[in-house]
């Protein structure tokens, strides 16, 4: 057995429980779950952008592990290939050539984009299909494709534009944080592959500690605004970034500065739902009550007589 | 690599120059990020392009391709000028104090003894002045001491001169020089990570020497976290080189005799390597033991003392070497009939593709053994613009033999850090693919049978070749590995005490110290001896223990020589055997013997004050002045590439490396800056591996299409649209590619002239899963390094214009 | 990485050693019951692990190949997954994009499958048997060597060289292949011998 | 002489009792297609609108089918309603007496029609329903297309989709309420359903609820 010590990586996380069962669910789309007896330790993937060399090993490892492939495209005048997330590409590198206005130095900012596994997942909130999107007590947000109906509400719910709907089986796909690997005590395929350990995985606490060390190191190298990206707007995420310029995340290929579930979605999934049901109910009830009170509006014999009289006039 | 991948974590400063480790060796580059994160190490990248390595560097400085020597000699000049020299190291472990012969000199870019006709030097003056005792005279203060000559030689490379030649802004150069010079203290080390960015030049060897000299001056050779670390390209190119699969080599860096060496004695006479300083080890004194043991491994009982151990069985060279460039040239002249390629795709790898195609077409037969359908095996197939050849008029018979890939075979590979690692087969070969060992055995068995049946010229070397395998038709990797390691053919006695038996007949050798020159031992490759001993297959060892986390992993696999993990490790301690840096101990003298974390490269009981660390040199010291070892000078000197956008500022008359070999007809094939204004360079991308991964669907999707990279300024000048098609052409050919317009390439100002760089990645061809494309070798010049003939891929001239897509 | 250690601990947790075990032996059956329906069944169940070295660059990363079927048992083995070997000192389980995609080179559509010969002037390869191909190679070599072998140079020195046929050795074959190749090539007297060290 | 609120096919049949043709077969078929689509849309829509009603997807063969079919039914409804619109829009134009009718809504609900002005083929309530439906169906079809990702995903931004999905929901709720009014009215006012089933109403019904329309028919007015 290996006896390596990675100062750069957190101490081994012994308390990652094996197996992720229905008993570990804390959230379930369009339905409720009884909170698990014992919560799992929250896990997180930390992506240190300052260590990332944009080699795309994570992309390849992701495709290989998930038995997916993506078509051979063309060059678009950049290193961004494949160009965007698809139902098969759960993660892509986004390359930005940014000239630092202070130093006038070129900085090649390379961000691994993919599901952030929000503590408060907009996709799950938006999903109409019971159990199609679930969240485990360790923080992983996962799609259950047997239950997914492909409505695309998750796309509208997501503050990071992550889920993609397959045109083949019309189901939504995104990074699972390799729930299948985590379930047997392994890290996600991308973290496993990452040559520079820019991607590390462990308990969220360890990852935050690790991030602090990294941020200290970066500050010592002159990145005064180095910091952790764990946006509170979505209750924090289980995929976090270390950024050399945490004060302006948007320079990293438009990483949202303060992401939150869109108020429109909140309104749609909140107020509208209840008010709507109430309104429809109300109308039905009013009708009922009215009928009981006033009774049916019947045609009287006089009316018929009048009608005959009116028409009779022409006989 | 003098050190190992895992040792890089011990460094304080990483200089990536002449390479792009993050892009080409990501998992090795991990150890740079470890050093940064754990030791606060800094990373400097010097490159014409802002590379993936640069993207995580602490400091990046641009440089014009092909001017590294000027830059490095500039840094040496800075270190000497600012007394940033590790004097104790330099005085004790380098030849700085040695006195050079009267008459040696350097002027107008040429060293003494140049013969323009032969494009070669008479190197007789490039040597030490010997005393009557036969030892080198030593006096640091002497005007002709190596140190004083060096001081004078580098004095011209001032920061201003560096800026003129390299286009590196003075302030950036000074910042780099200052950061590097900090490592002259015994407690700070720097590591140099380089690759083909330095080798693929007409003066590639001297690029590397320049940095090696700098590392010696800083005292960084032989120490943890230091060294000269060549990042080898392919998974076993180190092994193929160690095993001498080259025109002029015998396994273990012994050399093939020339025809001037008619007998074994004449052959040995120039390989005695008598010590040049008192008590030196001069390890090559054992040359004959290695050589004879090799001959015995080859020809067994047919190699006897009587026939000089079958000395005549070896072919003798009439030229320095029949390297790839020379053989392709001969092919082009129609002087070659047959060619066999084993897992190699020269049509895309060798320079000047037009010339190659013509050359192959003149062959009678071409045999290709490869797990993949290579372009070389299909050079005769017409693929439109991508390979426009007159198929029917090509009379070459081509035989393609399917071989297995790594996943299906077993054996050992040597990594860049000289670790021999064993691997096991896990998959069934597809179709009728067979192991290369089987294929070679089959060819040999058939050839042997034909000679036994029909006879023919000199059949002996073939029919007597030792081939004692359980199944001669299919030797097993283990059998071959045992043969490489070597064994005792007879009982071997202690030389000092003939009654004492040190090794029993038939036993595997544990160390090359047991080799004999009397035919009692056989070993295929002496430097590998110890890899497969009586204790078993040392290459298959998998212990991950690493006492005190030095990064040595001494019980993981086997590292040549003698399982040594860091070469010249004796130099990690001062002249008295005390480690330079207590926090980074490697070896130390405990009063009676050497002890520490690694196998000492000098005798374990040899006194520190007496024996120098550089045991392969007769003087026991390292060489700032390399005597006559290199064809193009004992010191590196700046020469422009053969195709350069500017003239040589230092020696305007000299074009390219004055002794680089240029074949007739190729000189005319060089373009000049008027015709071809842009400085091109070729390189790899991290998504691909040479011409292999274009056969891998997943890699193809990561980097699908051939492109070239240019600056925004050049794009504007030529109104080239990002993502649009361009045509790039040189004197030798033309390609079409997508344009990637980027800030990562910036125009340089060299000697007042604006130089635009055109970057050309090399991964595309007409076979595989990627979009069809071209390789840079359609454009590159046919000239190699003066010493080892590595083609000049990194610096050549092109022109560029917008165009429309190819018609496939 | 840290998770890999816990993976090892996990394996030990189900009381089976590490080397060469198949995950089927690790009692995944029971564990799968602990999986929610959203979670993929464990992909590596019942596969054979074989240790190998990445075929690409000279970092020489350790890899684990997972196959259906076990060569050592004489079965047909089909490799279905390759990932970094977490026990390897250099790469610690990591792989670059090339290494992570090794599976696709093993199963590349453009692997060579059969010996083929392209006759002079022909526009196609024709499939032949190994015997035909190898006999042909040996014959072509012998004929050329017999015709052009130089035993002695003009000065009468024995030089035993054969310059009209060249051999270009690989860069990713094993030392053992290299040694076998060296023996065959040199014994034939070839000097036009080179490898990929330069490019 | 013509009248805007007499529609083709409207005809009085004297006798005992008098009967009046109110809707042609065509109009009735058209109406019922629309009605059925609306109901199906409501059911499938509600299933995706709130988890409480997700079980309704069972009626359509599960969530995937519900998601697939719903927009198509929407198209059917739109086309079919367009047919109704063409038939009915003239007769639904707003008239002076409609204001008065509206003003006396209390009497309407109380069933005191003697206090109401005589109305044509449609009373103000029916007209409101008609125009509300027309408007809402346009809103629904437009917002519907914006979130019909299977075919039209690329034509709108995610933010536009978010608005669309909200508007679609609100409009759907509204149209369902309007539909409840429509259906209740038809039930409450006895004799009305016949109009859409048999196509006929009694003279008395016409005299009581649409006296002006009856007079015009008797007066022999023809549709425009």
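Think of it as A, B, C and D in the order they're written, each chain with its own count starting at 1.
Assume a residue touches a chain if its C-beta (ideal position, glycine included) is under 8 Å from a C-beta of that chain, and two chains touch if they have at least 3 such contacts.
Since the structure is predicted, the reported quantities are computational estimates derived from the model, not experimental observations.
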Chain ID, smallest distance between chain and overall C-alpha centroids: C
Inter-chain centre distance, chain B versus chain D - centres from mean C-alpha coordinates, in Å: 85
Inter-centroid spacing, chain B versus chain A (mean Cα positions, whole Å): 49
Distance between the centres, which are taken as Cα means, of chain D and chain A, whole angstrom: 41
Whole-Å separation of chain centres (CA-atom averages), chain C against chain D: 74
Set of chain C residues in contact with two or more other chains: 82, 87, 89, 91-92, 94-97, 99, 101, 103-104
Junction residues of chain A - those touching two or more other chains: 2, 4, 55-57, 59-60, 64, 147, 195, 197
Of all residues in chain D, the ones touching two or more other chains: none
Chain-to-chain touches, reported pairwise for every pair that qualifies: A-B, A-C, A-D, B-C
List of chain D residues in touch with chain A within their complex: 12, 14, 16-18, 47-52, 54, 57, 62-64, 66-68, 109-111, 147, 149-150, 153, 158-159, 161-163, 165-166, 169-170, 172-174, 176-177, 180-181, 184, 187-191, 202-208, 214-215, 218
Complex contacts: residues of chain A adjacent to chain D: 30-31, 128-130, 132, 147-153, 155-156, 161, 165, 167, 170, 262, 264-265, 267-268, 272-273, 275-277, 279-280, 283-284, 287, 290-291, 294-301, 303-308, 310-315
Of all residues in chain C, those that touch chain B in their complex: 48, 50-62, 65, 67, 69, 71, 76-79, 82, 87, 89-92, 94-99, 101-123, 125, 130, 133-142, 144-146, 148-149, 151, 153, 155, 157-199
Residues of chain C defined as touching chain A within the complex: 1-10, 12-13, 18, 28, 31, 34-43, 81-84, 86-87, 89, 91-97, 99-101, 103-104
Contacting residues of chain A [partner chain B, same complex]: 2-5, 7-8, 50-57, 59-60, 63-64, 69-79, 81-82, 97, 99, 105-108, 110, 195-198, 213-214, 217, 220-221
